[in-house]
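To keep things simple, chains are lettered A, B, C, D, E, F, G and H as they appear, and every chain counts its residues starting from 1.
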Amino acid sequence: MKIGYADVDLEREKRTGVPEVIYGEGKTVPEIEGIIKVLLDAGQSPIMVTRLSEEKAEKLSKSFTDELKYYPEAGIAVLGAMREPDGDGTILVLTGGTSDIPVAEEAALTAEILGNRVKRVYDVGVAGIHRLLKHQADIDEARVIIAVAGMEGALASVVAGLSKAPVIAVPTSVGYGASFHGLSALLSMLNSCASGVSVVNIDNGFGAGFQASLINHHPYKEGQ
Amino acid sequence: MKIGYADVDLEREKRTGVPEVIYGEGKTVPEIEGIIKVLLDAGQSPIMVTRLSEEKAEKLSKSFTDELKYYPEAGIAVLGAMREPDGDGTILVLTGGTSDIPVAEEAALTAEILGNRVKRVYDVGVAGIHRLLKHQADIDEARVIIAVAGMEGALASVVAGLSKAPVIAVPTSVGYGASFHGLSALLSMLNSCASGVSVVNIDNGFGAGFQASLINHHPYKEGQ
Amino acid sequence: MKIGYADVDLEREKRTGVPEVIYGEGKTVPEIEGIIKVLLDAGQSPIMVTRLSEEKAEKLSKSFTDELKYYPEAGIAVLGAMREPDGDGTILVLTGGTSDIPVAEEAALTAEILGNRVKRVYDVGVAGIHRLLKHQADIDEARVIIAVAGMEGALASVVAGLSKAPVIAVPTSVGYGASFHGLSALLSMLNSCASGVSVVNIDNGFGAGFQASLINHHPYKEGQ
Amino acid sequence: MKIGYADVDLEREKRTGVPEVIYGEGKTVPEIEGIIKVLLDAGQSPIMVTRLSEEKAEKLSKSFTDELKYYPEAGIAVLGAMREPDGDGTILVLTGGTSDIPVAEEAALTAEILGNRVKRVYDVGVAGIHRLLKHQADIDEARVIIAVAGMEGALASVVAGLSKAPVIAVPTSVGYGASFHGLSALLSMLNSCASGVSVVNIDNGFGAGFQASLINHHPYKEGQ
Amino acid sequence: MKIGYADVDLEREKRTGVPEVIYGEGKTVPEIEGIIKVLLDAGQSPIMVTRLSEEKAEKLSKSFTDELKYYPEAGIAVLGAMREPDGDGTILVLTGGTSDIPVAEEAALTAEILGNRVKRVYDVGVAGIHRLLKHQADIDEARVIIAVAGMEGALASVVAGLSKAPVIAVPTSVGYGASFHGLSALLSMLNSCASGVSVVNIDNGFGAGFQASLINHHPYKEGQ
Amino acid sequence: MKIGYADVDLEREKRTGVPEVIYGEGKTVPEIEGIIKVLLDAGQSPIMVTRLSEEKAEKLSKSFTDELKYYPEAGIAVLGAMREPDGDGTILVLTGGTSDIPVAEEAALTAEILGNRVKRVYDVGVAGIHRLLKHQADIDEARVIIAVAGMEGALASVVAGLSKAPVIAVPTSVGYGASFHGLSALLSMLNSCASGVSVVNIDNGFGAGFQASLINHHPYKEGQ
Amino acid sequence: MKIGYADVDLEREKRTGVPEVIYGEGKTVPEIEGIIKVLLDAGQSPIMVTRLSEEKAEKLSKSFTDELKYYPEAGIAVLGAMREPDGDGTILVLTGGTSDIPVAEEAALTAEILGNRVKRVYDVGVAGIHRLLKHQADIDEARVIIAVAGMEGALASVVAGLSKAPVIAVPTSVGYGASFHGLSALLSMLNSCASGVSVVNIDNGFGAGFQASLINHHPYKEGQ
Amino acid sequence: MKIGYADVDLEREKRTGVPEVIYGEGKTVPEIEGIIKVLLDAGQSPIMVTRLSEEKAEKLSKSFTDELKYYPEAGIAVLGAMREPDGDGTILVLTGGTSDIPVAEEAALTAEILGNRVKRVYDVGVAGIHRLLKHQADIDEARVIIAVAGMEGALASVVAGLSKAPVIAVPTSVGYGASFHGLSALLSMLNSCASGVSVVNIDNGFGAGFQASLINHHPYKEGQ
């Protein structure tokens, strides 16, 4: 549906199984409000806004009192009740360090909103490999693993070598100097010596949560 | 098991659900033979060798007559009977052009060896979008889609917008000049404006087939 | 004509068919005023200033009351009456998303100032290909198409495959991470698998509008 | 039409005004023959094969005696009579040096096959600017200019400053060291300080000739 | 001489013919004062501080009233009388545009302080080649030429083709998008198709003025 | 000592503790012979030639029968008796895969020639982390560790997290696509999340062996 | 030990010989306080926080009065008494210029905290090589050398050619234009023509001090 | 003068003081012969062909017996008598290593052909700084210095700090891995911490010799 600045894709859910999501960065609060209203009118629920700053979230909450829940660490706002977990299994979200947590939260919350059970295990980077190894049971029980890491991004390779589940790797821009804003982790993850790793854009927690949810649901089964 | 030059990982199947695969590039024929023998002794079947040139395949076939089947377009040799398809659904392999086919065949054959039903639809690049659109039924029926494309790599974004299945995107080094040996397609796929795309290394058909197979099997179910 | 800091090219129109345009970025308001006065004295009309911030536009408008019209979304100010459309046909301006609109507006307004009929169709990116396909009539009627897109920049390839008109592709810096400030879209557009695409600099809406106008006018015909 | 390895796009002419062209690089001679036969059956004429080596051309000529004409400098083979020039005006093809000529010939011949009058002016690089300036009459009479240059690629900027016609710039991989296989010329042309320049891929003479032909023909006029 | 944070090189003039120069960026005002005092004590005159902001210059001037002259466009402060021009001839400083002037002023003033006659000709970029050609007499009379340009940096090639003097090329970070902060101009200048061009770092006006001065003086002649 | 093409550094041992080493790549066999003779005359022993192909080694061995020992996997030839191990402890050389072995051998042999005890543990990459963990005793006993790995180069980080010894990381050009000839492993190792890692050039086994030897010897102790 | 956001690695000292260090950048003051308390409870001393701004240090000092010492130039805070120097010899820290000093101080102080004697020699870059040469005695006496330099980073090569000690090279982001934020110095140091150089990340003073300390201590000796 | 493929610039000498030079790479022997004949007819002497392989030189010498002299190390052929040295002083050509000699010879011979006295000092790289320092007298006597170096390219900075003459730096592609075909040396030389360095393209010995010759001659003096 066209609303001046935007051509809101109301048939996305029919086509792709997932309703339209609003990418908040670079949009003004009134623009976001406008799109939310179109989606509300079309009966979509829940409605999800990503990359939303606290300032914008506060302003936005004035228009949708009670209904809008904001998660500051993930930078995500949700309007409407969360979907019950209805996927095949659990999505395990790992991070290499504490600075990777905001990206991991974006991934984890996205997956939860899309109807997945999520288990978070943070700060288990390869510099202290035993911290990861003691979570072997979580790894064994996961249907999908999301590995979030910056710097050298080695977490994805190591965990893929320990698991039967597909690993969605998220390079982060955590680091400095020759990390080149996430390029180092991105290249590492693309060159993983372990099989079963595929990669999304730097800092793209949303994309990883989304992809993990697709994997965790049968696309052509009823109710999924 | 250690054999001079190699430390063959005989427990990989137990850990990751998929047995050791031999990467043929950069290994001599005697080295490959040696590793095959270790795997045969350990009872592994089938045994798969990737990135194997025709010359090497011919030499290798002399040591393993009748047993070794070589697929020249995919550059893969297989020893032992193929596994029956036992995954959730079908893996759809798409290419943008005809030059992308060798990489697509590596992906498709890998998936078949690992027990998946595969459907191939080649040469449906976005310059003639109608060629892709007429395969909507194949897209709707896929459990996973592998999108193989070089040059601008737009196929992944377009197909992800048409599908409920996760898309594994494989950039290829097809192109010249500012394709920079696949960099252009790689960046495109990482920046897909459609959600549900994750990416493997340039020309990594094997990795895509492997990841698609993990998605198409429940890691902790019996027989999978 | 020399005015201290600048050597204003008063013969550009005679040589290139288009009068001097003032690039506002990096120039102070007094510098811009000075150049405008030289052009006014030389009888040029309209006079166009690009990449002009709202702050500078406000200050500038004090010196040229009534005459100066400012378009904030395009960042362009115009002095004097717009030229009547006198080109061969219509220039169609497309964007992949809503964040690409400022660049598209720079292109569209530039083309209008230079005497072209312009049709705008925004937010029709390839993630929802049907949004684009329903504009096939606009595509068929265009003499030139300007395709503005960030992220993976696939819009240019898809539309070139649907059209008989030349496509001027404008990569934008919209995106994050591995978009590398527009590099991803730039490379995509240069590697378009569809023919009939040529590319201008990242975010260079002005250049695209200018080039489209040259195409839409016969350079050696009277009145063009 | 599907022929095993290829999905030949027989409706391209209807959609884009230009019939399917065969990109010869990376295809075997039998593959090229197969596609030619499909196009012949569909009644297409002329049929054009680009990036064709002399060896392949020689083999191919055995299957299509008398009909196939090969242009070694451009690396192009044509089957069937050339189209008469029916565009608006002349396409001027310039090169900076003598090493740029193969790319320029690919552009010039492509334009001729697509029905354009072409004028060639080679070896007029900016190190001897007077060589270019003495061709001002050719520049004034051109409907479109194709500027082909390697190394620093300055030809495009200079000629755009001298002309009322749109300039299609083709960076070439001519050079060494910090030319980085054409990257230097590509960046130069994208950053042209003169307006009216748009750029195709490095060494993409075909793309430039194609785009120039689109510009030189009215897409929705009869017979064009 | 050591002063805590710095090891001031008091013998540089004896070794290289040019006294120590203070690079102001990244140094505090007290640090700069300290180094100036060491140089004053050692009898050096004039003393030159480059890359000095207006704020720092103002503070610095309080300690060295009357003596310190600050040139805001060049970002240079000088303490002591300027050296009389004693070189072989004139240094001609050219810029492509008006935004390149600060870098050009850094070059021109550096050369003047080091004892050279300087002629400035600004805003003569190649998009209006006739603006440059009308300065042929200045070009013919120069002993050295400094060509300062951003964007595609073509000025260096064109002027080297018109001159018998060595050209010192200074790429500037003027531009946006694919200029990549001066990389485009840098590569252009390194790949100049005209001989007689050598290049300094992006925005390094000081280095160009210094190098031009060395060329304009006989290193082993008396008084030079 | 000057011998036409070379200025052989006979005082290197006095200055750096290690005698001159001959880098064989890009030198002809007669050139290498010439330098060996100068070193023999100066009494140096052993004399080491690196990056020497089998062909050159064969030719060279004709001039120095009995004395010259060639190690094909390391590409190193040695003239004269090896030095006895006299360092503080053991240097442990690890590789991620079998393709990294030539670089590892260059490192190991260099260290042995320079008087170090070396322990080799190959093919223990992070995709099968347990292969590495079972060598904890070797890791605990090492005075220095050399970690050689291509692709994502994660071995360096993991081993540094398990060890009290400094790790010298050697990225290799093993890999394809987005490994960019070793860039991926190089960046990974520079961005190691574990401390105690420093890095040498891609494929620079010699440099790693040399640095490890310096660490394993007290520079100012007698006999070292 | 897990404390919400972090999994503090209390066994790092046992494994690697060096206790956990807190990387301050990107952590809030309460987060840092939390981790310090865990380490205090575990009895660690001293506790070191790196990359800590003055603002954060001031806030932090309120919670740990008397105990916390902050070194503003190095950006490091230390809690608890410094360890006595107990290494083999002296670590020599060199810088090319004065702007490299903060990185050098991070390295020097890290080494001191880890129990090393450190000698600082700053501002001895290669543009005035005699400044370095007069410190030959310091070079001869060093057990390890840390060479900190930006711009062209040549200091590492020159000093390695003068010394028997291993050189840890730290490229800094000092410079502008084609220094590309430290890339130039990084590549220089990786390509050192002198042997005995290994490199850490850009601006990674901590990593260099840490690695130098490992070299200066026998990992398996008592008390080290 | 136009001869089919080339537009020979016969007025270059009048404009730039140096006659046309033939760049041999990428030209066939007949093409080179054709251009030589045009220049011979125009009375030019000497005529210089650069980047000429031994094979081509041999063929070429058959057409111009006795007259053509070929210098294999420099890859240059000369027709006609060399010009007598008539410059201001001596050009000193330095190399870092022996592998840089071919590029240095191209520079040295170019300078000699253009009428300069040249002094060669090779293999004096910074890893053995004393080899360079003992040539201080040569450095002091030079009017211009050409510094040729690959790998880290530090030679240019060091020599510029020791000299009153301008330094023309030539990065070479000597090296491997992270030298990235000369990029490392190129960046180093552009970021020289010593003033008085300007840079030509990677491996561009000709350009350096040419620029040095311009510096060593007064452009507007009689006989120069």
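Just so we're on the same page, a residue touches a chain if its C-beta (ideal position, glycine included) is under 8 Å from a C-beta of that chain, and two chains touch if they have at least 3 such contacts.
Just so we're clear, the structure is a prediction, and the values are computed from it rather than from any experiment.
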item	value
Contact distance in steps, from chain D to chain G	2
For chain A and chain F, chains touching each	B, G
Longest centre-to-centre distance from chain E, chain (CA-based)	B
Selected pair, out of G-H, D-H or C-E, that shares over half of its residue contact pairs with A-F	G-H
Chain E and chain H, separation of their C-alpha mean positions in angstrom	26
Chain B-chain F separation of Cα centroids, rounded to whole Å	36
Computed distance of Cα centres, chain E from chain D, in Å	44
Length of the line joining the C-alpha centres of chain D and chain F, rounded to whole Å	51
Per-residue multi-chain contacts in chain H, two or more chains	12, 15, 127-128, 160-162, 177-179, 183, 186, 190-191, 194-195, 201-202
Chains that touch, pairwise	A-B, A-C, A-F, A-G, B-C, B-D, B-F, C-D, C-E, D-E, D-H, E-G, E-H, F-G, F-H, G-H
Residue ranges of chain H in contact with chain E within the complex	12, 15-18, 21, 88-89, 140-143, 160-166, 168, 186, 190-191, 194-202, 206-208, 210-211, 214-215, 218-220
Chain C to chain E touching residues, read off their complex	5-7, 9, 11-12, 15, 25-27, 31, 171, 173, 181-183, 186, 201-204
In the complex, chain G residues that touch chain E	98-99, 101, 122-124, 127-128, 130-131, 174, 176-179
In the complex, chain F residues that touch chain A	96-97, 125-129, 133, 151-154, 157-158, 160-162, 175, 177-180, 183-185, 187-195
